[in-house]
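These are the structures, in structure tokens.
Next come two complexes, and both contain chain A; in the first it sits with chain B, in the second with chain C.
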Partner chain A sequence: MEGLKRKLSESILDKFSMDFLRNQVLKNAYGNDDTVIARLDPRALLVWYLFFAIAPWFSDNLIFLAACFFLVAATTLLARVAGLVLFLFGIGVFAQTGYLFLVSLFFGGNAQTILPLLVLTLKVAAVSLASITVFSGLDPDRLSNGLMWFGCPERLSFSISYAYRMLPMLMEEFQNVLLSYRLRGRAPDTETFAGKIKNLIYQVKVIIHAFYPLMLNTAKRSRTTVEALELKGYRYAAVNKEVKRMKLASLHMTYDDFLFLAVSVFWIAAAVLLNTLV
Partner chain B sequence: MEQTGNIIEIRNLTFTYPGAETPVLKDISLDVERGDFLAVVGNNGCGKSTLCKVLNGLIPHFIMGDRQGSVRVDGVETLETDIGELARKAGYVYQDFENQIVRPTVLDEASYACMNYAMQDYLERGEKALEQCGLSGREKDYVWQLSGGQTHLLALAGAVSLQPEILILDEPIAQLDPAHADRIYQVLRELNEKYGKTIIVIEHHTEYIAEYCRHVLLLKDGHAEWKLPAGEALARVEELRSCNIYPPQVTMAAYELRGRGNLKCPGRLPSTLEEGKKAFEGLVFHPDVSWAHTRNRGTRMAAFEDVSVSYRAVKGEPRKIFEHLNLEIRKGEKIAIVGSNGAGKSTLMKLMTGLLKPREGRVLLKEQDIRDTKPEALSQIVSLVYQNPEDMFIKDSVEADIAFAMKERQVPGWQERTAELLERFRLTELKDRDGRLLSGGQMRRASLAVGVALNPEILLLDEPTANLDIATRREIMRTLNEMKDITDTVLIATHDMQLVCEWAERILVLCGGRVIADGSRNEIFGNDEVRRRAGIRPPEIFTMGQLLTPDAFCYTVEEFADSFGDAEGLGHAGLAGQAEAG
Partner chain C sequence: MNEKKTAAQSQKLMVFVLTMSLYGLATLFTELIPKFQVGIVEFSVEYFLFIPLVLAILFDPMSAALGAATGELVFSEIMLGQFGGLGELEKFITVTIGVYIAGRMVRNPKNTRMVGIAAITGTALQLFMGMAVDILKVQFAVSDFEAVPGLPESVFATEGFAFLNDLLFSGILFCLLPTLFLVPRLYGKIEPLLGMRPRTEETSLGGISGKAVLGVLIGFAAAVGAEMLAESGLPLIDWEASWAESGTAMAAGLVAAAAMAVIVLLIIRRNAEVQKSRA
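Now for the complex of A and B:
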């Protein structure tokens, strides 16, 4: 217990260091471009996602939900999602429903209460994992192309891929600014329990404060970027239908995409069939 | 197909930024021949960048303002066409080139402009541009995986992909180590000679101008003073110096020697090593100054014992930076850490601040293992000034930034000390400005003031002269020399060999995660093997001296002038040499 308390109150910046965070984010964005999922056509994946993001909400059938869950769990594994994202997913699901189970046990519930809760948990989990597969497994650039094909505005898709380009730079800069605060500021003493709480508040405050210089630096940077975009003909492209067609020409439905969709359909169909038999 | 004549014709160009009182460019008339390699020089704020933006059409199409006169680029009046048309005639690479890269992967970036202008073969064009810029084989890489030099080449490729006749580069090598800088200029030379592009560079490094450029244009207060062949232009020492431009050291040395009456130089002054060799041929070498440094034996301030470090990689195995590094740093030492990009210079500094913990081994500060010490606690002993000064500014004024650490720690008399530091670093007039909005040199001075605010015993400076023009670099160098009495023990990680030679008392050479050399400047620069392995290049004047005689170790123009020739050797140094031999 003592150990746990120490762990919890230790500096979030130390244990959950920016370096680690940065690594995880980058891993998630750039580290898995060679997975099965990343190679799929973004359009196929978006259609696939549309089903798994909506269908589970309208079903209370345990078999169907379990089938969905196992399928998206498998795709999440295939997408090789970074550990941090999965960890956050775990926390998220627990925060949504897991605690309800504990509360119901506390108020005299029993195993009977598990079932409805399990249904809800499965729903949330299946939809979350489907989102993780698509948005984390697919590289943002391909995702934005996919969105554009479905008629999302050019600007949105440019923003996504520009963010994708800027992310490592911003993270590094943020890290440096945080370090400036850290090295020059003075963190509260962490000897006492109150001190630890104060320290935690201090750290959160520093993180918030660090955004201000980051934004100013970015604003400064963007002067060049805006001019460069102008020279690169960004404005021409925005109004030119031909450019959009050229961009989307890189999207190809392949055998793999159909296979992926077919396996998903087959799996769900099998679950439905099993359900009618039972 | 090959056309001759002028590709750029400017007549009586005057430009005023909106809201400005006086014009930036005043009555400029200029012709640039097709296929020229032109360097534009001039002091800060003389309108160099503005002139370039006039050529690529950003002025007047994107940046409004009052423009008079005529500008014809490749036969087209810029006012009468649009940016898209001009972008295909004149490509532009910014000084802060990483900000002009907007796409995540290399090929994507190189072909982006072509795609936007709806060229069907945009991918082939991108590939061709990458090939022309020496980036073949990196097509699939993410832009952040490239080194600084490669990133610059990519920015260049992005401009080249449209196959413009003119390429304009704003200070292409300001941020690069010598090896990368050479690479850039070799690529530019190839684009110039093989593909017939007209190249215009804004450049402070006159050594590179002497080596690569054909003509030099001097801008002074928005006016074009002259355009001359490079050698002739660089020999105009006094005129250049009055504009804060430093001619190549070889030229300076010849100028100095001629001034002392030790060198007869009937023609123009030499500007390259080749020319220098001929001009200085007859001089006699007088070794007079001893540059042997006595090794400091002060108390041990910091030590690395068997330190190994690796970084988490986004993909694959962790990257090893250090393997069993051993190092001692003693009180009062002025150490320069040199080595190519990625050799671990910044890592070494981060280890000392406690920001980074070694995987194995120990880092000691004042004989204390710092593994379990928080960086906050160490900041009284060690202070780190980042390479990018912007990251040092966390408050909205220079004064608040300098005061921040002292105020937080309730240092007695922090108000007085802040005022004192502002004065010392010549920032008093700027104290209410936001640090980010200062000029390069001012920003650097402010970051140094922030770094020494807590009066640290060890000061770590990461590339303090990167990104500065030569005149500002000199100023920072002077500041660093003045600081020698404030902070005792100073480590500087740098590519700037001039700084190393004029400031450092001990030089550490990092290469492949190990210290491959550690010693005085004579020991380092005199060692061919070390120089070659670590890719370091001594200042031009040192190489000049070595070319004349291997015994010469001259690091500054003054030392060179002191060591070569004397009053008696005037004009007949060769004879004097014979007399001595006889």
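Now for the complex of A and C:
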């Protein structure tokens, strides 16, 4: 029994290592560019997202909200989002409203309080699933192209592309710095309760100290990046219309995109129809 | 003499990239590390705000503030697919304001007391604006907010408590102390790496001017406005009510039109595929 327990906690700890986190994030960013969602035109998806990010907030209608929720849940499945992201989403949605419900019980709330909270949960869930579909279903480059087409500042598209390329390197570097701190330092004994507290403080301290070399290294790297960008005339190109046109020439609306939009409209219209009939 | 005072454009871009990558990385981790609660006190490593605070105190505050907000948006929201629409706009603006104000407050990074005051002020400002916007958000998302028993008090209580908890716990442990630790150590060391001179009394941008305060107020109004769209979007609600009445026919028409579109598109697509395979 004891052995089983130890084994179980070990395997959970294994799962939650730095490498696991890194893999999940990378998988989410790069791993699924062969799904139905990823092949759609980013502009169509962004328009679609705009509706599902805003419309649920305005409605208190249960049928409409449920329809939105089921549609975005289906698209999330189609986008094959990484497990960790969905897990975080679940915690985020239910922790927030569940906590609010418990506290409102404290202030004399009753079972009646739960209905508006359920509506709120449904709204939040629909909106965040829509964003999960779009932002983790799409390839970063396609996403930033789509945003640029809609006139988002060049800085933002640049940041997205840069972030996706640099992230693996940054994470590795952070991990290396952390590990070297751990090698040189001596972690407190964790046998007693006081030791555990001390250990926690020690870990947090190490993380904060690790940012000192990391800041210096990243400063060097960002100087190199910016100088390379300057050499290629980035700041000039960022505001040049011709460059933008060339960059966005790869975007095409296909029948699939229109089909996707039409199916969504059909589904929502059907929900509205059902609502008027009931 | 003007070039000496303000950083060059490319240096601003460097500060932007630097803050974005560092703060983005930190928020990515905090998003992934689960929080744990002891009783009602939440212990979360939520707050790595010390990174942009340090950089805003040492470099150009505006670039650092924008970099931090963008980094959080891109790394932890968009990359993880946690982008929450309008809510993120609010966070973007509050982080920018908090970091910018803190950066402007410090004229000489060697002055430890001022650095401390700036760090805690920036944090408190950001947290307070976040709290105000959160309360408004729940008020607009739940219809008949006042009528639901126990809800208003509980929202005020949870938000107010979260504010104090964040400020006293995360604010001091993860913003104030690390900033006080890092600023003197990095001062004079990190600037040459970006090809700049360290900030001194003479080269600082000066204290907070009326213009900055005005900009802050407008920014906060925009943040609240983004959340309040639900309330002021009255035409949308009217529109909803009108289709609820005249109703069924129009909804049926919509369904029919959408169904038509789906069918037509399916046929066109099949035809296109057939043609492609022939050619």
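Rule of thumb we're sticking to: the second predicted complex is superposed on the first by the 239 of 278 C-alpha atoms of A that agree within 3 Å, B and C clash if a C-alpha of one lies under 4 Å from a C-alpha of the other, contacts with A are read in each partner's own complex, and residues count from 1 in each chain.
The rule we apply is simple: a contact is a pair of C-beta atoms (placed from the backbone, for glycine too) under 8 Å apart; a residue touches a chain by one contact, two chains touch by 3 or more.
Remember, it's a predicted structure, so these values are computed and weren't measured experimentally.
Taken together in the superposed arrangement on chain A, chain B and chain C fit without clashing. In the superposition on chain A, A:D19 makes contact with chain B only, while chain C stays out of contact range. By the touch criterion stated above, A:Y162 is placed in contact with chain B and with chain C alike. By the touch criterion defined above, A:A228 lies against chain B but remains apart from chain C after alignment on the C-alpha atoms of chain A.
Set against each other, chain B and chain C differ in how many residues of chain A they touch, and the higher count belongs to C. Contacts of A:L216 after superposition: both chain B and chain C are touched. Contacts of A:A270 after superposition: chain C is touched, whereas chain B is not reached.
For the combined model, the angle formed at the CA centre of chain A by lines to the CA centres of chain B and chain C equals 100 degrees after rounding to the nearest 10. Contacts of A:L100 after superposition: chain C is touched, whereas chain B is not reached.
After superposing the two complexes on chain A, the closest approach between C-alpha atoms of chain B and chain C comes to 7 Å. For the contact definition in use here, the residues of chain A common to its chain B contact set and its chain C contact set are 140, 162, 164, 212, 216, 220-222, 225, 227, 229-230. Put simply, chain A touches chain B in their complex at residues 11, 14, 19-20, 23, 26-27, 30-31, 139-141, 161-162, 164-165, 168-169, 173, 176-177, 179-187, 209-210, 212-213, 216-217, 220-222, 224-225, 227-234, 236-237, 240, 242-243, 246-247. Touching chain C in their complex are the following residues of chain A: 21, 25, 28-29, 53-54, 57-60, 81, 84-85, 88-89, 91-92, 99-100, 103-110, 112-113, 116-117, 119-120, 123, 127-128, 131-137, 140, 143, 155-156, 159-160, 162-164, 166-167, 170-171, 174, 204, 207-208, 211-212, 214-216, 218-223, 225-227, 229-230, 235, 255-256, 258-259, 262-263, 265-266, 269-270, 272-273, 275-277.
Within the complex formed with chain A, the residues of chain C that make contact are 9-10, 13-14, 16-18, 20-22, 24-26, 28-29, 31-32, 34, 45, 50-51, 54-55, 70-71, 74-75, 77-86, 138, 140-144, 148-151, 153-155, 157-158, 173-174, 178, 181-182, 185-186, 189-190, 193-195, 229-230, 233, 236-237, 240, 243-244, 247-248, 251-252, 254-255, 257-259, 261-262, 265-266, 268-269, 272. Every residue of chain B that touches chain A in the complex is listed here, in rising order: 56, 58, 62, 83-84, 87, 92, 94, 96, 98-105, 108, 112-113, 115-118, 120, 122, 142-144, 158, 312, 314-315, 353, 355, 374-376, 379, 383-384, 386, 388, 390-394, 404-405, 408-409, 434, 436, 450, 453-454.
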